[in-house]
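Both of the next two complexes hold chain A, though its partner changes from chain B to chain C.
Up next is the complex of A and B:
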């Protein structure tokens, strides 16, 4: 416990100091924070609850569009903004920008949560692969439909308000970094708090045997919906930040990007280890470093590499890094190992 | 608009039925592998597109693309066997989600490889079959659509007879019923799985060749075909061939009407939305059956 406290303080100090120590990587670090948030929240219902969703991208994209629309719509007519495209006929003052961002982020977090609650009852009743395919369809449908809506830019995209001139050139990167880092800390604290309660045990019971959990008197549907709503809340926040960070929203390439972000969050959680607190965080970090380090090296072949990576991870490494560590050093995870029993099992294999 | 001009409805219905027969052929392959191996292949649509490119390349080299209907399945059969040997046989008895994710990876891989190899243009193989006019020239049907529907039905009938009569077909059906019992009785299930995946890929090849003649193909168009075939299979149920044909045609008609009423930009979106709605309907229908658990 004492070690953990030191570890957390160390990470917090590193997180606050990071943009000043590595000023060139501010945007990358912010993206890393968003990725960790996405992987961790995917893990709530993917890893702990056993409901493998491809559709959390729905909340992410929804949050992105909502945040930007609110930020623009609070001060200027939205339709004219999207029509003007890249040309800046309207300019946000710093006060307007930050007010808009704050309200936008709140809306971006709350509305996806409500949406998750509304559709949760019908969709979380599906089991196994039906759920996976249904959420996959949901994500793609959202992308296709939002690509046809005129007021949020349709196919040509939506430019989010540019960061206002507040004197310093570095302030944009620092603002978005600290915003995403704050959301990351918020997510981590919330998820960690959840994982110490009975709620996590209920989620695990649903994963292990839903019918039995129901027979034991747990209202599984209620907890499933709550779990999904927590995911949706943080996905929406992450989407809102990412929209401001990228500065441009396209329906299928940025917001509802099931082919990239939607798969990434699943992949990161699996790479790190499903159903653990630290797994998705480690997975996201390793994945992001790998991606940024080698993406430029592959140059155009990155999606081919991504496809190969998915297949390789899924086939040869489904336990993830945490699962591998657990297999190797069970004592560190507080598991008592009977040496004789272990040897017998190895011989059986 | 649909009610004011009844001929548009007739046109949409006929188009939809001819299109739906093609969907049913793809869905039949999916039902086959789902029933036998219990795998949902997200890469199904990408196999279709790959088959389409085979026909397109024959067209580019001056061979009539209709011959692609014979060449594409032969090539795709071996592609299917290769995919099975490399990836699928490692996930076949694992968690279903693992197989979905693995085939999703294959799908992304194929999409990108096709993008590199054939370019990102929308292409079609022109068959020069002309058109048929019906109802006082108000309804236009390209002959290629009629041809493709005819070929699809032909292949489906051949496959059904093959599954009923041949030794391999019997082995496949036995494995689908009970893999373990089939193994005990001397069926080489590994071989059966490989053959099933190969046959599925070959069916996708036929469908793809027909699609490249009648419609257009593009490297990124695979996923909608996967979703359509998945939808058809869950509506019809596994091993219900007339049901697959009927729901395929129904989906085709739905799509054509969605295209006319909502506009082409919402066509794919409406297909995916329909999938979600069907799954939700199915969930409420099934939940009535397990009411006793509550």
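Up next is the complex of A and C:
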């Protein structure tokens, strides 16, 4: 426990110091925080509950549009803002920007949670591949629908409010970094707390044998929906931050970007080891570093390199990095290996 | 918990990795002016991304070999750092941030497409990095009050409104019926707004107004409607893929329409890929080789066309020409500013008033080029099936007469 505390404090200090130690990497670090949040929350379904969802991108995109719309709509007519021929220039004052962002983020978290509850109620009865395919459709549909809604810019895209002139040139990067780091900490603390409760055991029971869990009197549907709602809450927050960070929202390429973000969050959780607390975090970090590296050193071939990485992961680390470590050093994970007993078993064979 | 040790060592490895990977360039190193550009080398805009890159490279080589840029009595050469934005706005914004804060770039060239330019402009604006862009035509780019954005091209709403005017003129000044099909992206939607304005202005009527998905491969549903409604004009815009898809399906389905107006015909190499099937298509273009503009570096359009074809093995679409022009603008501005101070260069850019082989360049306060009209060309083929793009409007540059209405498929 003491060791744990040192670790957490260490990471917290690292997190707070990071933008000052590596000032040029603020944007990458903010994106890393968002990626970790997405991977960690995907892991609630994909890892702990055994429901491989490709639909979490829906909540992410929804959060992005909602946050930006609220931020603009609170102070200016939204339709005029997004209309491309609009000759008027609207400028947020710093107070308006931050107030809008705060309210926007709250909406961006709450609405997707409700949506997750409603959608979950109707589709969480599906299992296995059927659920995965159904959720795959959610993101695609949302992208196409939002691309037709004029008030949020439709195919034109939505330019989010520019960061106001406060402080120095670095303040924008620092603001978004600390915001995303705060959400990351919030996510981690929440998920960690959840994983110590009976709720996690129920999710695991659903994963291991849903029928049996039901037979034991667990209302599996209720827990599945709650699990998904928790994910949606944080995905929405992550989306809201990402929208402000990118500065421009496009329906299929930025918001409901199922092809990239939607797949990456799955990949990161699997790379790190699904069904563990630290797996998605390590997975997202390793993935992000590899990805940024590939982009710099394999220009034009980055997706080929990424493809090779995925193949290597599947072949050599089918259980993810955490799974591999656990197999290699079981005693470090608190598993007691009785050498005598192990040998005896080997000899028996 | 031994696990913590693993994680701790992991975190420290990360720290070491980050701190060793900071490699910084400066804007001007030795005798080099380093420009940054995020280009779509992969993804849906990859073909136009390559046209853009070829255009930039061609101009860099030409300017460097003809004496470079003279600032403060010293001669400098251009160099460009490229990244691949994968045709994705999110990525483009990140790369702009990266070029500026990590690579130390102080002057930028634009990406391909309006959407990506929209994503990059807030970043360059924030850092006060002057950006000359050649491929972001969306009108909304120029109404945001950006001070550091300069576009050498005419805005997107001017692309096809001339076509509607032409159709009305051919209809003895009476309004026409217009069918429209536009891709769901920033550029095409802006072209749509321009066409809508023209429809209103001329008292025409829109009969079909379809939105087409990105990565356009099929527009049969729209064409079925066109066959039924028989509009006077069919307007299609969806980048290169839109142009290719439209011609392919119109010829397959034998859709008869008196006027077909499109964008991106030359970038799609329509006349080469579809030959006679693309005949009579009317295309909006920022530039055509037969225009009579001149400059010292590329001489004129015909010479540029020949030189480009020699170097890259295909005729330059206007996307390449305007990209080359962006470098000429930068060179001119650096020399007039006689400094590498970003503000001074920005002011020099704003005061640009020059002629290049691509056209006259003069920026409005919003950053768009107001001194260069669009041209319309029509694909025309001879009996042997050899097709060429000939300028038909405006009359000042027309090298051929508009063929109207398009003969029906049964008579071709």
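Simple rule for what comes next: the second predicted complex is superposed on the first by the 319 of 349 C-alpha atoms of A that agree within 3 Å, B and C clash if a C-alpha of one lies under 4 Å from a C-alpha of the other, contacts with A are read in each partner's own complex, and residues count from 1 in each chain.
Here is the rule we use: contacts are C-beta pairs under 8 Å (C-beta built on N, C-alpha and C of every residue); 3 or more make two chains touch, one makes a residue touch a chain.
Everything numeric here is computed off the predicted structure, so don't read it as measured data.
Engineer: If you stack the two complexes on chain A, which partner ends up touching A:40: first (chain B), second (chain C), both, or neither?
Structural biologist: In the superposition, A:40 touches no partner, neither chain B nor chain C.
Engineer: I'd like to know which partner A:10 touches here: chain B for first, chain C for second, both or neither.
Structural biologist: second
Engineer: Considering only touches as defined above, state whether A:159 meets chain B (first), chain C (second), both or neither.
Structural biologist: So A:159 only meets chain C here.
Engineer: Of the two partners chain B and chain C, which one touches more residues belonging to chain A?
Structural biologist: After superposing on chain A, more of chain A is contacted by C.
Engineer: Is A:144 touching the first partner chain B, the second partner chain C, both, or neither of them?
Structural biologist: both
Engineer: Return first, second, both or neither, reflecting whether A:134 touches chain B, chain C, both chains, or no partner chain.
Structural biologist: first
Engineer: After lining up the shared chain so the two structures overlap, which partner does A:303 touch, if you call chain B first and chain C second: first, second, both or neither?
Structural biologist: both
Engineer: For A:253, select first, second, both or neither according to whether it touches chain B, chain C, the two together, or no partner.
Structural biologist: A:253: touches chain C, not chain B.
Engineer: Just which bits of chain A does chain B share with chain C as contact spots?
Structural biologist: Common to the two interfaces on chain A: residues 144, 147-148, 155, 300, 303.
Engineer: In the complex, go through chain C and note every residue touching chain A.
Structural biologist: Those residues of chain C that touch chain A are 1-8, 10-11, 14-15, 17-19, 22, 24, 41-42, 82-84, 87-90, 93-94, 97-98, 101-102, 115, 118-119, 122-123, 125-127, 138-140, 143-145, 157, 182-186, 188-190, 193, 211, 213-214.
Engineer: Looking at the complex, which residues from chain A come into contact with chain B?
Structural biologist: Spelled out, the residues of chain A in touch with chain B are 52, 122-123, 125-126, 128-130, 132-134, 136-138, 140-141, 143-145, 147-148, 155, 211, 214-215, 259, 263, 266, 270, 300-301, 303-304, 306-311, 314-315, 318.
Engineer: Looking at the complex, which residues from chain A come into contact with chain C?
Structural biologist: Where chain A meets chain C, its residues are 3-4, 6-7, 10-11, 14, 21-28, 31, 84-89, 144, 147-148, 154-157, 159, 162-163, 169, 172-173, 242, 246-248, 250-254, 257, 260, 278, 282, 285, 289, 295, 299-300, 302-303, 325, 329, 331-334.
Engineer: Taking the touch rule as given, give the residues of chain B at its contact with chain A in the complex, in rising order.
Structural biologist: Per the stated touch rule, the residues are 40, 87, 90-91, 94, 96-98, 100-102, 104-113, 116, 223, 227, 230, 234, 263, 265-266, 268-269, 272-273, 275-276, 279-280, 282-284, 287, 293-294.
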